[in-house]
Amino acid sequence: MGKDKVRIGIIGAGRIGKIHADNLLRNPNAEIVAISDLFAGPELEAWASERGISVVTKDSSELIAMPNIDAVLICSSTDTHVPLIEQAAQAGKHIFCEKPVSMDLFQTEAAVAAVAKAGVKLQIGFNRRFDHNFRRVRSHVLEGTIGDPHILKITSRDPSPPPAEYIRVSGGIFMDMMIHDFDMARYLSGSEVEEVYAKGKVLINPVFAEHGDVDTAIVTLTFANGAIGVIDNSRQAVYGYDQRVEVFGSLGSASADNDHPNTAEISTAAGLMRDKPLHFFLERYNEAYVQETALFIDAIIHDKPVIVDGNDAVQAERIALAAKMSMEQGRPVKMTEVPGASRETQPAN
Amino acid sequence: MGKDKVRIGIIGAGRIGKIHADNLLRNPNAEIVAISDLFAGPELEAWASERGISVVTKDSSELIAMPNIDAVLICSSTDTHVPLIEQAAQAGKHIFCEKPVSMDLFQTEAAVAAVAKAGVKLQIGFNRRFDHNFRRVRSHVLEGTIGDPHILKITSRDPSPPPAEYIRVSGGIFMDMMIHDFDMARYLSGSEVEEVYAKGKVLINPVFAEHGDVDTAIVTLTFANGAIGVIDNSRQAVYGYDQRVEVFGSLGSASADNDHPNTAEISTAAGLMRDKPLHFFLERYNEAYVQETALFIDAIIHDKPVIVDGNDAVQAERIALAAKMSMEQGRPVKMTEVPGASRETQPAN
Amino acid sequence: MGKDKVRIGIIGAGRIGKIHADNLLRNPNAEIVAISDLFAGPELEAWASERGISVVTKDSSELIAMPNIDAVLICSSTDTHVPLIEQAAQAGKHIFCEKPVSMDLFQTEAAVAAVAKAGVKLQIGFNRRFDHNFRRVRSHVLEGTIGDPHILKITSRDPSPPPAEYIRVSGGIFMDMMIHDFDMARYLSGSEVEEVYAKGKVLINPVFAEHGDVDTAIVTLTFANGAIGVIDNSRQAVYGYDQRVEVFGSLGSASADNDHPNTAEISTAAGLMRDKPLHFFLERYNEAYVQETALFIDAIIHDKPVIVDGNDAVQAERIALAAKMSMEQGRPVKMTEVPGASRETQPAN
Amino acid sequence: MGKDKVRIGIIGAGRIGKIHADNLLRNPNAEIVAISDLFAGPELEAWASERGISVVTKDSSELIAMPNIDAVLICSSTDTHVPLIEQAAQAGKHIFCEKPVSMDLFQTEAAVAAVAKAGVKLQIGFNRRFDHNFRRVRSHVLEGTIGDPHILKITSRDPSPPPAEYIRVSGGIFMDMMIHDFDMARYLSGSEVEEVYAKGKVLINPVFAEHGDVDTAIVTLTFANGAIGVIDNSRQAVYGYDQRVEVFGSLGSASADNDHPNTAEISTAAGLMRDKPLHFFLERYNEAYVQETALFIDAIIHDKPVIVDGNDAVQAERIALAAKMSMEQGRPVKMTEVPGASRETQPAN
């Protein structure tokens, strides 16, 4: 864009908004100009002032309208994503939006269309694409180390369930949690999903059943390139955040294990022990969060495609819908049964 | 049985029959009296003579009729299993039979009924139940270390596909290969399977398609205790025999990794390297084979239940049938749709 | 100090000085006021201006004299450390100084005495004390998990030798490289060294011999608490920076393995492979560098003892001298033979 | 020798003698003809009869004189080794002798000379040369994977100390325990030791001090090929038998970790746990014991050099003497100070 610094506005000053802010503050190519939050007040003003962020507002429209802002980070609640994307696109701002774009596929597609029309960039907050482990597995797949992918396996388990109020509005395990894994499945396999079979259970807490949700699920995927895959999710792994993947193919297998806070191992009369994996996403994906906004900035500055775009949001949401449908109807669901268009190609990266 | 030595006749002198023979020769509580094989000749006679096995015959009936034989090991081809079990049961011999008992569930059940009627013992050659790794995972599940099982995962991949002539008569991937994993699923979860969904593909060699078979498969299981599980099979893992399991539950997870020929690790400018896992079942389950016949002998001498009995054969075959049906019909199959009775309890061990 | 922000001056704008600067810029409790470097010029001024550091000077004395500076970081060449420490102490500034304090033990002791007299804090740049792995091993030792320490083992190998010009002035392998391990030995064992035996060789590059140095060494240590230990150093581990420790005791053993850039493992027909350890100290101790200055700031703000103080510098240098003497004379050397006083107690932390 | 079966007499029916017997009973190329033991009685006769060993005697001379014996295994107490070797050599029997050959280097050399004169084979019971892990490390060294060896590290720790009566006659930690590691050092480095420095401590049990022995030791070795090495021994690793090696060289490093009874890993809220290493030498070196006598038999049948010969016994004993001398005198000891001749070449294998 002919400039060496991208001027940023952040919409939504919750936990993830603040993390992105702190990461961008250390990025010499970014400058945070403004932050908006419905509940902005003295506390946020103090927080912003400490960081040299000059504008704090309750009004996201005001922020979007600021002429000295090149790009916005949408970190507000899911129901606000689509209107904000449309507004920002119309204002010619590049957009980083947290996942999922929306609970309504048609709205998501409308937002993506608005972005396309405006010719701005849209990057989706699928942070795992920026994880050192998964990127390394992906690079092995791309380089052909494991040949043609045959079987893809993803394990993704949270350390503890979210609170009931969150469960109520989360959109369910497939749209809220496994959506990351659906994106990862497309990313690691390099292929689109064609069929989904989902099996879910309430094994951890009946509160999930009260909201028509499950807390434990296994989903089988069939890919366009012939591979098959399986994802398992649990809302409660008492030993910490469990994030592992494996891509098995004609020439071998590439897998990634969890990250741990240290490599210390203790040997005693009771056995060998080491510490649990990094606790949760903030710890595990700490560096991935840094990378994802850094590469967003980089894509803007050098006018390169973003690593995860609007279509990636659409496709992951479509798979989540298929999984929900499959679980409810007790049968495999073809992606052609799900509204919205498949797109043949993924962005290269 | 009031004796301290079990006198054995071995039916079928193929590879696995000879392995069992050599293992039993080192067992002070066993004595091999006779061996039969359709193709018995000078070679087998020399082999038997070296080992002090005095009777060699082409006629399994002759062997079964020998009064100085307490138990038979049926290691002949699958189609002979049922008549041999019935014959041996009628003759009052204890029976060890390789898996699967038959390709026909009704025949398997008939054989099991004959055994029950005769009051002899029948142990099935599900050798993996005797593997050091899987037994340790099972012991953790039984001891409650991981709480209630929620998710069960089994990876089972062969180093290379069998020859075409074997594929033709194998009964298909579910009855021939994954049947071990179905048994392991029951063993590790401590629960019966209620529903099966199978997805299979031909990704390695079109010869599998020619015989209506697949070479790559993912199967989702639902258990009576509420847990869900997934098994993945491939006929060709170029890096060797891949045999891993995981049981994830309310209090944690127990998993077993592959065995390797050594622990040596090499660090060079190219990276860190270690040798592939043990090549195939003969290497990996070498000690499990020793254990399974040793415990069969032990069960006879001390009149204890065998660790894997006729019902285990029936249930594993029923799951294999359900998986085949599921794959062919493209839908989950309830175990109640499969002929044959479920049995509520598994033998304790 | 009744303030919540420590005002910092950095002396020496080489690689490590700039790393500390960038880390402190992200620290809300620190403010970098000035930076000095003998070769300060437009480049450094641009670098400082980007970071909001207002004063850039060639004259460290000017920086030390600035009344709005609370603490200095001495990151200049080793020969300048002692006069700068003395000057800064006299000016009442707290001091962070890179290791070694000097090549001359008497000077080091004089500097430490000047610090004591001035009542300021002095923290030494033994960055490994802040490493996540070693801290975890240390915590296990302190908590008694492994009982009384019996054997301590440290492996410390660089990925490649320094350039010849560096070797010439480095002070030799014991004072330049193994000094970190001597400090780690005291830190992990919680005890002082009483005797040293060193064996060194030139196996990598004859240039070391030209400067009276070695490139490969094994040193045996005897500790006051009865434990014995061994350190091995190599200037060239082609597979990367090798930094491992083990403390073995009456109740078990605590060890730390290397850190790796990712957990990805590849299984192919050639074997199992993973990437080399993190390349060198900048990668491996990246987070330790952040921690060490953060805790220095913290010690100043809350007037707490620093984690690694002047005596730690003195003792590590004394052990390095003993090692050199031992290697040259081909015999074990008692610490009582080395000039300078042992101190009985280490700072608790 | 033109025969396909080696006829064996076993001298000494203690634990190791019986293990060798049971291993050889499964070896189709060996036949155990006789066993002798000073305390032979009904129990040993029953044991032998069960195994088809026809001759049981108290008199080793009688056994050695039997014309239908080709080779003897000397498994009696250390003080009997030398006279038995000499007697057996004179009788033209091939000899397998447990380590150490004797506590007196001159006697050991005399025994080796007697063997050379008689032209029979002598294999020493350094069982670790037959361990799968160490052989793999050695093969990497031989193949040049790690380049020229620079640093050799051996950790060898027993799970618990021997009884006091054993300590009294053991010959001390260097001759009794570390002698295995001295042999391993020569084996893995492919080079002879030139200098030894030993540091020992009594940290586990004062009973060691009562017998002039130590229970914890670190020994530094200098090799003829320029490499340096270190061995650490402890008589008590509460977490089990700890047997690890590493050879570090110009092109990389080859290391071997412990063997474990299983690969099961448990993840709970308390951390990650796995079972301790295999308990002690009988478990860890179980297969190595099978291999060592199998290869002894093989060497006889095909008239090949044994893998570990009389000179290996002499050299390991010389290093043990040097270590003892070094510890007692508190200084490094050159191997030229130790009686007995170095031999330039090791047998290839």
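Read from first to last, the chains carry the letters A, B, C and D; within each, the first residue is number 1.
Going forward, a residue touches a chain if its C-beta (ideal position, glycine included) is under 8 Å from a C-beta of that chain, and two chains touch if they have at least 3 such contacts.
Chain labels with UniProt names: A, B, C, D = Myo-inositol 2-dehydrogenase / D-chiro-inositol 1-dehydrogenase.
Everything quoted here is computed from the prediction, not taken from an experiment.
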**OP:** Compute the centre of every chain as the mean of its C-alpha atoms, then state which one is farthest from the centre of chain D.
**Re:** A
**OP:** Would you mind pulling out the distance in Å between where the CA atoms of chain A average out and where those of chain D do?
**Re:** 58
Original post:
Just curious, how far off is chain D from chain C if you go by their C-alpha centres, in Å?
Top reply: 43
**OP:** At least two other chains touched by the same residue of chain B: list those residues.
**Re:** 237-239, 242, 251-253, 267-269, 275
Original post:
Classify the inter-chain contact topology: is it line, ring, star, complete, or other?
Top reply: complete
Subject >> In the complex with chain B, residue positions of chain C that touch it >> reply: 237-240, 242, 267-276
Original post:
Contact residues on chain C for chain D in the complex?
Top reply: 148, 150-151, 153, 155, 157, 197, 199, 201, 203-204, 216-218, 220, 222, 226-230, 232, 234, 236-239, 242, 248, 250-253, 330-332
Original post:
For chain A, which residues count as touching chain C in their complex?
Top reply: 25-26, 28, 50, 132-133, 135-137, 140, 145-146, 251-259, 261-269, 275
